[in-house]
Every structure is written in C-alpha cells, then in structure tokens.
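Think of it as A, B, C and D in the order they're written, each chain with its own count starting at 1.
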Amino acid sequence: MNQHPSDESMLSNQMADCIQDCLNSHAVCLDTAMSLLQKGKEYADPVRILLDCSELCATNAHFMMRNSPVWGSVSQACAQVCTHCAEVCDEIGENDCANACRASATSCEQMARLIP
Amino acid sequence: MNQHPSDESMLSNQMADCIQDCLNSHAVCLDTAMSLLQKGKEYADPVRILLDCSELCATNAHFMMRNSPVWGSVSQACAQVCTHCAEVCDEIGENDCANACRASATSCEQMARLIP
Amino acid sequence: MNQHPSDESMLSNQMADCIQDCLNSHAVCLDTAMSLLQKGKEYADPVRILLDCSELCATNAHFMMRNSPVWGSVSQACAQVCTHCAEVCDEIGENDCANACRASATSCEQMARLIP
Amino acid sequence: MNQHPSDESMLSNQMADCIQDCLNSHAVCLDTAMSLLQKGKEYADPVRILLDCSELCATNAHFMMRNSPVWGSVSQACAQVCTHCAEVCDEIGENDCANACRASATSCEQMARLIP
C-alpha cells in the first residue's frame, strides 16, 4: 500500500498551484498597469514591466495547461520577470501586486527546479 | 564623422530582425499545428509543441516590441523552445516549419547574448 | 440612505462574474482541446473551435479587465463563439466543457445587453 | 477551362490580406501605446483602446489562421474596435496608427460581409 503521494501526483499538484499563481499575477499585473495609466508618465516604465509580466505569466500558465514538454525554460524566465516586477511594485508602493508577483516567482522557481 | 553604425542602432536593427523572425515562426507554427490536426493522434505531441512555440514566439516578439527591460530571459527560453520545435518538425518532415523555427532560434540566441 | 446597489456597482459585479466565467471557459476549453488531441483526427474540428473559444474568452476577459470602452462588440462575438463551442462539446460528450461555455455565453449575452 | 479565380480562392486571398492587415495593426497599435506611455496621463484612454485594438487584431488574425468556422462574429467586432481606435488616433494626431487601424477595419468589414 502506497501511503505517500506519488512523485507524479506531487508534480501535478505543484503544477496546478503554479498555474493558479501565474493566472493570478497575470490578472493583478494587468489591473495594476491600467490603474497606473491614470497616474502619469513617471509610471511609464512600471506599466511596461507590468504588461510584460502579465503576458509572460499567462504564457507560462498555458505551457503548463498544455502539459508542454518544454515548460522548464519558460518557468525560469517567468520567475525572473516576476521577481523583477515585484521589485518595481515595491518601489512604487503597489504591495498587493508585489505579493502576487512574488508568489508566482516562488512557484515558478520551484517548478523550474523539477526539470529532469 | 561616424562611419560605423552605433552599438545602439545595431542592437535595434538586430531586434527588429528578431521580432520579424519570431512573428514568422509564430504564424508558421500555428499553421502547421492546424494542418497536423487532420493527420491523426500520432501527431498530438508535435501539435502541442507547435502551439507552445507559436505562443512563446509571439510573447517574445511582444517583449521586444514593448522595449522591455527584461527581454533577455524570455529570448533565451524562446531560443530553447524554437530549437526543440525545429527538431520535432525535422522528424515529421515539416521542413518549412523547421526552417522558420531554426531562424528564430538563431535570432533569439544572438539577442540573448547581448544582455548587458 | 441608499438601500439599493447603484447601477454602477451592479454593472461592475456583473462584469466581475463575466470575467470569471470567461477565464474559466478559457482554461477548460484549452484543457479539453489538449485531451482531444490524443483521440484522433475525427476531433480536428472540435479542437479548432475549442482553441478559438479559449482564445476569444481570454481576449474578452482582458477587455473587461482593462475596463475597455468597446467591450460590447467583443462580448457579443464571445457569446456567439461560446454558444457554438458548447453545441460542439454536447455532440462529442464533453459535458463539463459544454457547461463552462454555456455559462460564459450567458454572462457575455447579459453584458452585451448592457451596452448603452 | 476556368479562367476566373474560384470563389474559394478569392475568399482565401481576401483572408490572407485581412490577416496581414490585422497583424500590422496589432503591431502598430502596441508600438503606439508604448510611445504614448511617455506622454502623460491625458493619454491613458488612448493607451487603453490601443491595447484593446492590438489584442483583438491578433485574436482575429489567429481565428483566420486557424481557418475557424466562426470567424465572422470576431471580424465584425474587430472592424468596430479598429474603427473606434482609428478615430481616437485621429484626435491625437497618430496618423500612421489611424491608417493601419482603418485598413484593418475595412478588411474586416469585407470579410464579415462574406459570412454565409
């Protein structure tokens, strides 16, 4: 009798969590970018990185949803972009967005470490 | 008198070429995936990787079109996925698609090498 | 004292529900498309419409997330595509996906009716 | 001997042109949105509609690239959004972008008229 979850089910649970984290920061980054548009041109650079992060989080979630054989390199890129975006959000006091990005950065790093 | 193109203009020319190569393989991969759907379930894995490659090529092009400060890690991931997709296309005789993927893999690698 | 929700807050609640319904059918359609790939070429047409529906649901959600002034026409198109996709899913016994598409079709129709 | 192009080949030529027009305004709208970010918060609304138009043009092109059976309603929505975006671009003197949007609006209207 197997009392431990199999490696495969642990992977797929972790992947499901990572998909959720990425879809969440996809949405939060887009929302934050839109609200910063009203604040003026000194937010041009944050808006740009938020749009980058939003799109890559969606793309990364789609790779995992398609059960892609090559999700590893995208997860690594996504972790880096999310980490950078979280730092930018910290600087401008967008704490909720920073937390969402940090959560998906952590998830993506964990996933990237599982690459065989 | 400056007889040499500046580093900055060389970068932006190279980036414009990379955007074109990525948008081209984005389109060719989607087209190839659709035609493989008609061929049966033994093409399920190629269709999956073609959809992956198509989406990441678009995302990577968008990062460069937005002049993103963090395009480097996405370009690296895109080069890896394009290379893998080109190999899969070789195996199934999709030569045009293999060439399109190889061209964008090469462009993306060159771009990724320029990361400061 | 205002005991009734304002028209505006009703609209934004309804929009939040519609975004959720669209993001849900975006995910379920992509997942269903991927599982049908394994079933053979008689599913080529359903896979195609599922990819269509998945992409348009995401685009429609993004219009609402950006608080677009022109979401109405996209919501109408999304309602039509979701309805068609639900019918295709019915025919092939993909009941969960049919339900997800029908839910977002209903939400999108309600939203489209609110166009000033 | 058939000296006239068949209806089907006329349709597919027209569709190929429409795909090109949509991909072009997808790129031009994204580029214009990014440059407006530097100009200040009075451009928040144009940026928003440019992001809308850019995304819907890509989605519409993908529907045609997938040879979707339901491209008609998306083409209609795309024509409306492109027309609106062209008007906004006119108002702020973004003439190249206005022209790109008008070209894809015209293409999309022609396509939408072909719906059986």
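As a working rule, a contact is a pair of C-beta atoms (placed from the backbone, for glycine too) under 8 Å apart; a residue touches a chain by one contact, two chains touch by 3 or more.
Since the structure is predicted, the reported quantities are computational estimates derived from the model, not experimental observations.
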Notebook entry, point to check: For the chain pairs A-D and A-B, which is connected through the larger number of C-beta pairs in contact?
Noted result: A-B
Next item on the list: Answer with same or different: of all residue numbers used at the interface between subunit C and subunit D, are over half used by both copies?
Entry: same
Check: Using each chain's Cα centroid, which is most distant from the centroid of subunit B?
Finding: C
Next item on the list: Quick one: report the Å distance separating subunit B from subunit D, using the average Cα coordinate of each chain.
Entry: 23
Check: In angstrom, rounded to a whole number, how far apart do the mean CA points of subunit A and subunit B lie?
Finding: 22
Notebook entry, point to check: Cα centroid separation between subunit A and subunit D, in whole Å?
Noted result: 30
Next item on the list: Would you mind listing the residues of subunit D that make contact with two or more other chains?
Entry: 34, 48, 51, 62, 66-67
Next item on the list: Using the touch rule from the top, collect the residues of subunit C that touch subunit A in their complex.
Entry: 23, 27, 30-31, 34, 58, 62, 65-67
Checklist line | Complex contacts: residues of subunit D adjacent to subunit C | finding: 45, 48-49, 51-52, 55-56, 59, 62-63, 66-70, 73-74, 76-77, 80-81, 84
Checklist line | Contacting residues of subunit A [partner subunit D, same complex] | finding: 34, 37-41, 44, 47-48, 51
